[in-house]
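Chain lettering (A, B, C and D) follows the sequence in which the chains are written, and residue indices restart at 1 in each chain.
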Amino acid sequence: MVTKSIKKKGIVSLFLMVLAVMVLGCGSEKSGNKGAASDGSTAKIGVVSYLTGAGAAYGESIRQGLELARDEVNAQGKVKLELIFEDSKGEKNEAINAVNKLIHKDNVLSLIGPTLSGEMFAVGPIVNQEGVPIMGTSLTVEGITEIGDYVFRNSLPDSAAIPQSVKKAKEKFNLKKVAIMYSDNNDLAVSGFKIFEKTLKEIGVEVIAVETFADKNTDFSAQLTKIATLNPDAIMVAGLYQEAALILKKAREIGITVPVVGNNGFNSPQLIKSAGNAADGAIVASPWFPGKDDAKVKSFIAAYKAKYNKEPDQFAAQAYDALQIMAIAIEKTGSVTDRQKLRDALATVKDYSGVTGKFAFDEKRNPAMDVTVLVVKDGQFTELK
Amino acid sequence: MFLQQMINGITLGSTYALIALGYTLIFGVLNIVNMAHGEIFMFGAFIGLILATTFNMSIFSALLGAMIAGAVLGYLMERLALRPLRRRKVSELAPLISTIGVSIFLESLALRLFGPQAQSFPSIYAAQLFEVGGLKISAVQIIILAISFGLMVALRFWLAKTRLGKSIRATAENIETANLLGVDTQKVIVLTVMLASALGGGAGVLVGLAFNAIEPTMGITMGFKGLAVLILGGLGNITGAMVGGLLLGIAEIFSVAYGVSSYRDAVAFGFIILLLFLRPQGIFGSKEQQGGR
Amino acid sequence: MTLLLEQVTKQFGGLAALTDVGFTVNPGEIVGVIGPNGAGKTTLFNLITGVLAPSSGRIMYQKQSLVEFKPHKITELGIARTFQNIRLFEHLTALENVVIGAHCRMKAGLWQGIWRTATQRQEEKNFREKARELLNLVGIGEDELSLAGALPYGKQRRLEIARALASQPNLLLLDEPAAGMNESETDDLQILIKKIQELGKAVILIEHDMGLVMNSCDRLVVLNFGKKIAEGIPKIIQDHPAVIEAYLGREED
Amino acid sequence: MEFLLNPYYMQLITFIIINAILGISIYLTLSTGQLSLGNAGFMSVGAYTSALLTLKAGVPLYAAVPLGGAAACLLAAIIGIPTTRLRGIYLAIATLGFGEVVRVIILNLKITNGALGLSSIPSMGVMLSKGIAAFGLAGGIGGISIRQLGSIAVILVLALILWFLIFFALRLSTSRLGRAFAAIKADEHAAEVSGIDTRYYKLLAFFMGAFVAGIAGGLAAHITFYIGPKDFAYHRAVEILLFAVLGGSDVVWGPIFGAVLLTVLPEVLRFATEYREMIYGAILVLMMAFRPQGLISESTLALWRAKLTRQPKIADQDGVTRRTTP
């Protein structure tokens, strides 16, 4: 009898759960994976981004880059875009919920995001299964596009950027022995570290010390004091700009003057802003170069500054380009609902010239683009020649 | 290198101690671990930053401003999140949860107000470097060390000698008895929380100066360390907070200098787990606190 | 012999709470332990029940040393107690409190509890029945479904005794059971203690109510400043000079 | 009905169930009054063990998940024997610290792939839909695609596990062991003197909590394709605790309700993205101020029971019913 009542309670509780979800689902459109809703000529694009929480700085840049691009595309009038933003808080479960909502409730045509690689590894397989094109704008680690045919990225993978900067630095500064520092709780930094290590081995530079730190650390005195006693020719740092800036500051403070080669995380005006003079000598390879003598770049920077009253960073620039690329592909298909066609059109995007330079997808849906090795000089990113 | 690393350790440790002081003061009187202390610390840092940059105040006025802001936040927290709980008999869990709520609230409020970007004090305040025999010590390091030790001594003196200090100690001993002895415990509690929060706000400015990064999530990172120190030094023990803080700072630095840096963040809690097995009352805790109640 | 204490000493830090205390309790006997506040009576209970370990001396229960046993094991061996400040499980019902008291006499394990095997059901039924009997014995049978915390004070005292009896002890330690009771309640308590004795159980009674002590106890042990100053039948103790001094040496209570 | 087949809701339901299982795990440890913040750590051990067993050793999913639970249990033995001596805040901080240590170890081990985490974890949905396809239903039935059938199967499997755990918890709470747990929670010392081996039962509750958390971790790993150390950090530990706090920890329905609410709430509050966290924090403070025992307690249940059955509050025929004053 009791067993029965328990059973009943179990069923009742399950029912309640379902009910709760039903209440939520009020007003949801017809479901289906048959394709996006065809409500006229506007292409709905879902954006999953890290909008609140510790990494909201990145999500904010991405959002602003995307909004700027949307406004420009809509002003041109060839295609109409609608962006639907969802916050992932940098958590994978939230990201999964967000893409599911965007695909199945908002019926978006395609997706942009998410911000972190870990999130993409979680949502990529789901989105790919649903046949929705998704483009990462900030993902640099290995293995992203291997998730599936619908997964794209326009951010340059570390494996393409880091070797260039390391090689250039070796050639320029005659590096023999270097120290590496990386954030060991950040996937991007760990991936960057591995590429640093591999590249250095390939070109015959000795690694005399490997030190780690963690995201949000503020004290790097121990690692740098240790490194200083070893007198390396350069320090390689894989991390995000916030920690990178503090490392540069501390390094210069305790008298380390050697060049510091960074991963993608270095590629931000915030690095210079926070580190000040200490940023001089920081080296990074990037397709995005704000000092580039290019009309597109200049007008992008001007428009961005006018709208948001700050300098754009690579996240904004890459997000901007991502939506432009998406718009081109949508225009090519002539449909705002056909995901399959959009995927195929995206895969064939070539010769797009954006603010991050000339752009095309390679056969693995990674970007094929030129890289400039930059060095900070007198508080400015300049080309390292 | 050893001496330089020792200095690094002491600098780091004194910031931990500074944060732990606030935790321990509140715990001593209220038996509450204030999970929002880190966020009050973070708010203090931002307020100090704004006063110093936007309003061009001197760093000392900014410090004072941050402490006042901390005290105000402390008052609000006590009024809204702690007092309603004290009126009824609740489990010791409740204030913990309530302050976690406050911490989440303050962190997201800070994200809205100040933005997610890390900011830093203008470089005029930044480290002026002293070199003694190859060892480098920055002015900020010395200031932090001096202030945290000064605060510790002042606090101890104040608690021991002044009327209010004595009431705080009486309340910490036993709220009911203190009440019977005519101590206005309500007032004492409010003052303690405000004092601890003012200390937290001030610590925010100092740590912001020392490490150059002020951002909304700094509270949780530093708060964790403060929490570790709280346990390490013995709950509610001021000397314990100081020594525990220094010990943790030095241990962390040395784990990097002579060990594996990637295990640095495990040091604090590894230490604690070990300590709890050997001496559950903390290094300086009294026997009665053993294992909790 | 049910219980034997020999030269039991307990020190806290440098202070001796008990010094060289020794006495015995025979089967079915009611022994009163009296003495001024702070004489070490509750410490004595804590030592017997294993809550504290003696600094030196022997505590034997049925020829077995209790020193290395934990409290729950000592309860299982057959010693149960009540507390000076009532410690019931306030959010549980009176009946549940008593069934919990029988914990160490019940056998059902995790899986039997989950699958409600026949033996488990039978056991539950038996022990609930026994618990009801005990509630009736202490006179609060009608309150079995009330929350322990909601019962009036006197009933809480009785419930605590019922809970202790549920562990089927040979020796029951009662720590000031009459504290806070009015006269008629104390009289009822006296009858209850006699009933417990009739069940063949020995009792050690710590009590300040001299009427209750004199009427119930077969023998008295008097403690003062942690030392045994007298032992004997109530009549003799009443006139014992050391006892009178110990009691007159402090303010009237 | 159609919208229920919407993968968004189906996914949400799977998250709800997994969180409900986590709610039960914290309920089990809390039922002896132990506040453990280590359940996120145990969850991570379960998740990594199960994921690695399937990825590297080819162990089938249905065996890997319980093994994940067992691994969590093993670790609970190592950590639990000393920590269960601790009480209150000390235990909370020690277990919180344990979670941090586990996270750092996962970051440093090669096999766990550090911060990069484990991806392409075999999916339960895929496994189940393969199973269904083997029954000749590869084309789906009645307009329901094979993938949706797979998701439905996942939900059913999870619901079955949840149902069993609820059954377990309910039966436990009216058994001899459950009473011992309740006694320890109410007054540990009195419980010990009443003949209850408090350390043993606290350890047992700690184990059970760890096992269930490990199972939840394993299930979560096979539902989300990817796990990383970040998934099991401090915020997760707090979130699990909140299930019990919000829902209440007197009865097993409390943490389950808390889990459902806290999984659904962020989705409902999506429109208020930027204020979501603030609302979250405020809710916690308000809860503690106005209803510290959680939304669901014995008395709420009794009230509902009475309303639903229109019967006076009486004891179960063969189970002692507990009631609490409001």
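Basically, contacts are C-beta pairs under 8 Å (C-beta built on N, C-alpha and C of every residue); 3 or more make two chains touch, one makes a residue touch a chain.
Keep in mind that what you see is a predicted model, and the values were worked out from it rather than measured.
Enquirer: So which chains are sitting against chain C and chain D at once?
Expert: none
Enquirer: Taking CA centroids for every chain, report which one is farthest away from chain A.
Expert: Checked the centroid distances; the maximum from chain A is C.
Enquirer: Of all the chains shown, whose C-alpha centre falls nearest the centre of every protein C-alpha atom combined?
Expert: D
Enquirer: When the centre of a chain is set as the mean of its C-alpha atoms, what distance in Å lies between chain A and chain C?
Expert: 70
Enquirer: Measure off the straight-line distance from the CA centroid of chain B to the CA centroid of chain C, and report it in whole Å.
Expert: Inter-chain centre distance comes to 47 Å.
Enquirer: Nearest whole angstrom, what separates the Cα centre of chain A from the Cα centre of chain D?
Expert: Between these chains, centre-to-centre, one finds 33 Å.
Enquirer: Give the residues of chain C that touch two or more other chains, as numbers and ranges in rising order.
Expert: 116, in rising order.
Enquirer: Mind pulling the chain D residues that touch 2 or more other chains?
Expert: Residues 107-108, 167, 171, 274, 276-277, 318.
Enquirer: Could you list which residues of chain B touch at least two other chains?
Expert: Those would be 108, 111, 262, 265.
Enquirer: Would you please name all pairs of chains that touch?
Expert: Pairs flagged as touching, ordered by label: A-B, A-D, B-D, C-D.
Enquirer: Could you pull out which chain D residues touch chain C in their complex?
Expert: Listed in rising order, the residues are 167-168, 171-172, 175-180, 182-183, 186-187, 189-198, 204, 298, 315, 318, 320-325.
Enquirer: Show me the residue ranges of chain D that touch chain A in the complex, using the header's touch definition.
Expert: 2-9, 11-13, 15-17, 107-108, 114-117, 119-120, 123, 145, 147, 159, 162-163, 166-167, 170-171, 224-226, 228-231, 253, 256, 260, 264, 266-268, 270, 273-274, 276-277, 316-319
Enquirer: Sort out for me which residues of chain C touch chain D in the complex.
Expert: Touch list, chain C to chain D: 49, 51, 70-73, 75-76, 80-81, 83, 87-93, 95-96, 99-101, 103-106, 108-110, 112-116, 120-121, 123-125, 128, 145, 147, 149-150, 163-164, 167.
Enquirer: Note which residues of chain A are touching chain D in the complex, please.
Expert: 1-3, 6-7, 9-10, 13-14, 16-18, 20-22, 24-25, 28, 30-31, 33, 51-53, 85-87, 90-94, 96-97, 100-101, 103-105, 117-118, 121-122, 124-126, 129-130, 141, 143, 147, 183-187, 189-191
Enquirer: Could you pull out which chain D residues touch chain B in their complex?
Expert: 35, 79, 82-83, 85-94, 96-98, 100-101, 104-105, 107-108, 234, 238, 241-242, 245, 274-278, 280-285, 287-290, 292
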